[in-house]
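Let me begin by presenting the structure, written as structure tokens, before commenting on it.
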Amino acid sequence: MISFANDYLEGAHEKVLQRLMETNMEQEYGYGSDSFTKQAIENIKELIECQNASVRFLVGGTQTNQIVIDALLDKFEGVLAPETGHINVREAGAIEYSGHKVLTLPSINGKITATSVKEYLDLFNADETKEHMVSPGMVYISYPTEYGTLYTYDELEALSNVCQENGLPLFIDGARLGYGLVSEESEVTIQDIARFSDVFYIGGTKIGALCGEAVVFTKNNEPKHFVSIVKQHGALLAKGRLLGVQFLELFTDNLYFDISRHAVAMSLKIKQAFLDKGYELFFDSPTNQQFIIMTNEQVEKLKQHVSFAMWERYDDNHMVVRFATSWGTLEKNVDELITYI
Amino acid sequence: MISFANDYLEGAHEKVLQRLMETNMEQEYGYGSDSFTKQAIENIKELIECQNASVRFLVGGTQTNQIVIDALLDKFEGVLAPETGHINVREAGAIEYSGHKVLTLPSINGKITATSVKEYLDLFNADETKEHMVSPGMVYISYPTEYGTLYTYDELEALSNVCQENGLPLFIDGARLGYGLVSEESEVTIQDIARFSDVFYIGGTKIGALCGEAVVFTKNNEPKHFVSIVKQHGALLAKGRLLGVQFLELFTDNLYFDISRHAVAMSLKIKQAFLDKGYELFFDSPTNQQFIIMTNEQVEKLKQHVSFAMWERYDDNHMVVRFATSWGTLEKNVDELITYI
Amino acid sequence: MISFANDYLEGAHEKVLQRLMETNMEQEYGYGSDSFTKQAIENIKELIECQNASVRFLVGGTQTNQIVIDALLDKFEGVLAPETGHINVREAGAIEYSGHKVLTLPSINGKITATSVKEYLDLFNADETKEHMVSPGMVYISYPTEYGTLYTYDELEALSNVCQENGLPLFIDGARLGYGLVSEESEVTIQDIARFSDVFYIGGTKIGALCGEAVVFTKNNEPKHFVSIVKQHGALLAKGRLLGVQFLELFTDNLYFDISRHAVAMSLKIKQAFLDKGYELFFDSPTNQQFIIMTNEQVEKLKQHVSFAMWERYDDNHMVVRFATSWGTLEKNVDELITYI
Amino acid sequence: MISFANDYLEGAHEKVLQRLMETNMEQEYGYGSDSFTKQAIENIKELIECQNASVRFLVGGTQTNQIVIDALLDKFEGVLAPETGHINVREAGAIEYSGHKVLTLPSINGKITATSVKEYLDLFNADETKEHMVSPGMVYISYPTEYGTLYTYDELEALSNVCQENGLPLFIDGARLGYGLVSEESEVTIQDIARFSDVFYIGGTKIGALCGEAVVFTKNNEPKHFVSIVKQHGALLAKGRLLGVQFLELFTDNLYFDISRHAVAMSLKIKQAFLDKGYELFFDSPTNQQFIIMTNEQVEKLKQHVSFAMWERYDDNHMVVRFATSWGTLEKNVDELITYI
């Protein structure tokens, strides 16, 4: 059965696998000191136009969120995040496991505003007993969001400003970064992401790699002894080359963005098909995920042919369902899906 | 320069990479519910002759040690381990990070004895204020040890018995399991390992895989909600297939053991060459690591041609150095090494 | 200046101090094995009519919340609580520090409903990827709430039932338990509290003691090695007699409830005085805290004579302020306060 | 039965209790901002001749060790300590619970040397893979030690120097500080303790108070947001006055040292009596604890009249036992003890 259940259904882009094959028997140092990792870091720093950046490769998204947040926060601090943020709802308490509270802000279409951050800080700072509360120590957002939506340039700039003014690092979860940046509705570039954030990551797991996320500290602000912290979290890969080689290929000849474009094109084709048939969107997403409102009957019928994700109940008769595309989505599968709707 | 610096210098065995290529575009569920993972689990359960076992794949060794120990211990418990155990010295405090104390026992050639475990427990239980001490909650050993040495059948059986009699799970770190089991001096089989332990893991990172360790709970004792615990530690791989496919290939047609045999043969060839030249061994290792005592001058000279690990200072004029082989070691490199010594 | 700023402004009730004096030089074992502690435990068990209960004394409220929740939850579980619950907002992240997420439910007047607990559980259990979420492992409420309000008998019974049906321990924070139970509007007795909850505590710090909270596990459910857990949290008092003696006196001849009654009488006198002068209540509290809406000018004026707590901004021209009474509140101070309003 | 089982057998010195009585009904702010606490802090700062010090009061010793160490260490760091140190053996894993490894050094009579610290650091710094090890982040010692022994002036100065040269804070556990300082064999004063250490604490629980330890950060180095950290650990006392009043009395008119002198005099009287009868000492302690070697028969006989602590087995026929005195020890009890030996 064809599947649009998520964006990690296949292995890796063939060029990535090919590069793993070609480099396989070269003897290299471990733990990220291999030559592929070094070259991949250079390529990324050049791309984002930020020579002071430091880049580290980790294996997965939750791991990255946990380690970055734990490394940046002081022990008594928490992280401000949208109530719908991945760290708040879908990471099995990984942030709390590392001792930190997720301080939630109301989210609209998966996004928070600079205003809501400011109001939170004002209330906190005005509190006479704020020593009894968790200090907000950084801000976490996703680009694109968990709902496929995008912050505008102005929204990101305002968030960046409020963070900078209050000494809070801004952390952008880019598990699907490519799918956001290549959208025609994206108002920001990866250089903007680097400029606006204090740390962000470039998701590989969902975009072309077998696994891997590239963490970028953009302001000469890598936490000291970061390798020890990664090791302490059990996240230091012995064969760091596995990550280095993959990101090296993804960031050679624009592969990362080219394959992201394919995913978004497939996603928009699906969206248009649903709109043409009169379906309603739950979010109007310009990226690689589409959230569609369907009757329960439509869901049951489509499930016989296609795999997709149940998102949430809309009302007694309707469900919100999600169709995700990726670098690996075959257009013939999209066409087949469209025949069923 | 040729290298014997460690046992994770190359990528993966070519058959493993080949299998990743062949299965690459098949759409599969994530998080370990893919068909490759399922088949790999079946193969391992059949091999170890333990149908009640549960098998889970994780990415790396420190991660595995941290998660298994944290999942099995109660909050107020610690883990008994050799003072030279990997978890005590080389994991950047990963066990303590998860809240547990490593309770050390004296180690001889990297090994502890059932007697020392028993004595520890007797002293603990006799203490009037033992509620003020960390309760020993499990025992951790490595097979082979960090020094390449092996427990005898009787030693393992005695450890297993003392653990069982005292209600302590016995956890065997098998980061180099294959290199131990295929040694001609090994008195135990993988079935024995499964029988004697409550949980052990089959190391893939050092034996043929890009990454991956297969954790086996042998006594119908997988901690409940283990997947949530793995996720909470940031260790749940989205594309679980990456681990499943690799272990499926390693445990098809005996590949895991065949490639382990090659590594040990290369290691013994190196050992014999050093002995022939009159060098002394620091440990007499029958597995894939050789620890040689060299004069400082010999070290300096050899370093010009070969990469290897400085282990520790032996005395003012001598060093202990380590040569590691692996599935990927080329015999021509071994021969070249021998020409230099 | 007279103060109604909180309910821990004075030391301890004179009878409590007297008992400390009288017993001072008796030699006793430490860590809670003294004879006073044993007798206090018996008195409490008799009072609550629950001979299977186990009682432990801890020093403070946040400490008690942290230890009880950490001891009862499995590592991957979180605690359901009102969004306004003390553990969620005023404990500096003590719950998260111990690795657990506070899962918030909407609160009305500081209370949650059995229905909201049930809905949370239903949504959680229906989620296909619930292994990626924090499992709700217990429910936390306060009696009286942080806003001085009380659950009705039916509300508590319904919460107790939904917890029992779903295997979730119900934990009642009784930092101000006496002030709730003696209220004329209280529909429950301490025996009901013991019956409806799986664990609760009887606050001493705010009711007559220098420090101390009596934790009661009511269902033969004290976590094993609880003393070790308390020690591990740094909370095991060497001179456990300090807590034992105080609770022994508080639970001799009904002292705890008698002094609670005084506090509530003083509180209601203050409330009536404000109502008589036409002030509006923010919450209609029948216990020892009163939340009054005042104009900013009224606040400024009153602050010159009386100390009280700024609670929150009501609107541009009004504040919510709090007046707390306790066992130690002097009626002449209440009368003086009334002259100013 | 008379008891020398430990040094927390009685309540508090009568003057301390008297002061609690006298101040009982004064209304004061909570959490350590009361006037007694402020005055106690001033008295201590004046005594130690260190106006830049900051002083905080906590409830107990393990709590203090956990909080100070957790607050001073970076997340990836551990604490160097004697293998016999209280934090390593008698705190139920409280340090590991807060995520930090105790890095042990060999101890002689409960003490470590500057040389052993230096050697540890040299080995650590020389290690090529030290990022995989726990970084030593501070040094913990006790004065007097758990065995009643004392560091000489030179030993302390050398430890202080090696710590300073390597950027490691030196933390002195002073749970029995008074009993050490008033010993005639003490070569250091409390001013020296303040000068040599970066942080130390003045034990109250064992010397005159119901509970309480005064933590002194001596080098303008109180960790930022220390109150939040204390709260997060569940250790912030609502009625901070309980600690403030007690330390105020202890540090008025030299009470702390006067009562310490009594304890040591009683201890030396016991020691002399044992020596006179031909018993051997296990440690030659000049402070308030005496460790005596007794035959098993002698132990059994004495146990019928006196309570004391079993320390450890000496050989098949002998035990090491401990007699502790305190501010509260009655000389008539000492005389009675002597009649039995």
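As written, the chain order gives the labels A, B, C and D, with residue 1 at the start of each chain.
Everything that follows uses one rule, which is that a contact is a pair of C-beta atoms (placed from the backbone, for glycine too) under 8 Å apart; a residue touches a chain by one contact, two chains touch by 3 or more.
Remember, predicted model here, so these are calculated numbers, not experimental data.
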Chain pair, A-B or A-D, that carries the greater number of C-beta contacts: A-B
Chain at maximum distance from chain A, centres defined as averaged CA atoms: D
Distance from the mean Cα position of chain C to that of chain A, given in whole angstrom: 41
Approximate Å spacing (C-alpha centroids) for the pair chain A, chain D: 50
For chain A paired with chain B, centre-to-centre distance based on mean C-alpha positions, whole Å: 33
Residues of chain D whose C-beta touches two or more other chains: 75-76, 91-93, 97, 99, 131-132, 228-229, 231-232, 236
Residues of chain B defined as touching chain C within the complex: 31, 70-71, 74-76, 99, 131-132, 135, 224-225, 227-229, 231-232, 236
Residues of chain D touching chain C in the complex: 2-3, 5-6, 8-12, 14, 17, 20-21, 23-30, 59-67, 91-94, 97, 205-206, 210-211, 228-229, 231-239, 241-242, 328
Complex contact set, residues of chain D against chain B: 75-76, 78, 89-93, 96-97, 99-102, 128-129, 131-134, 310
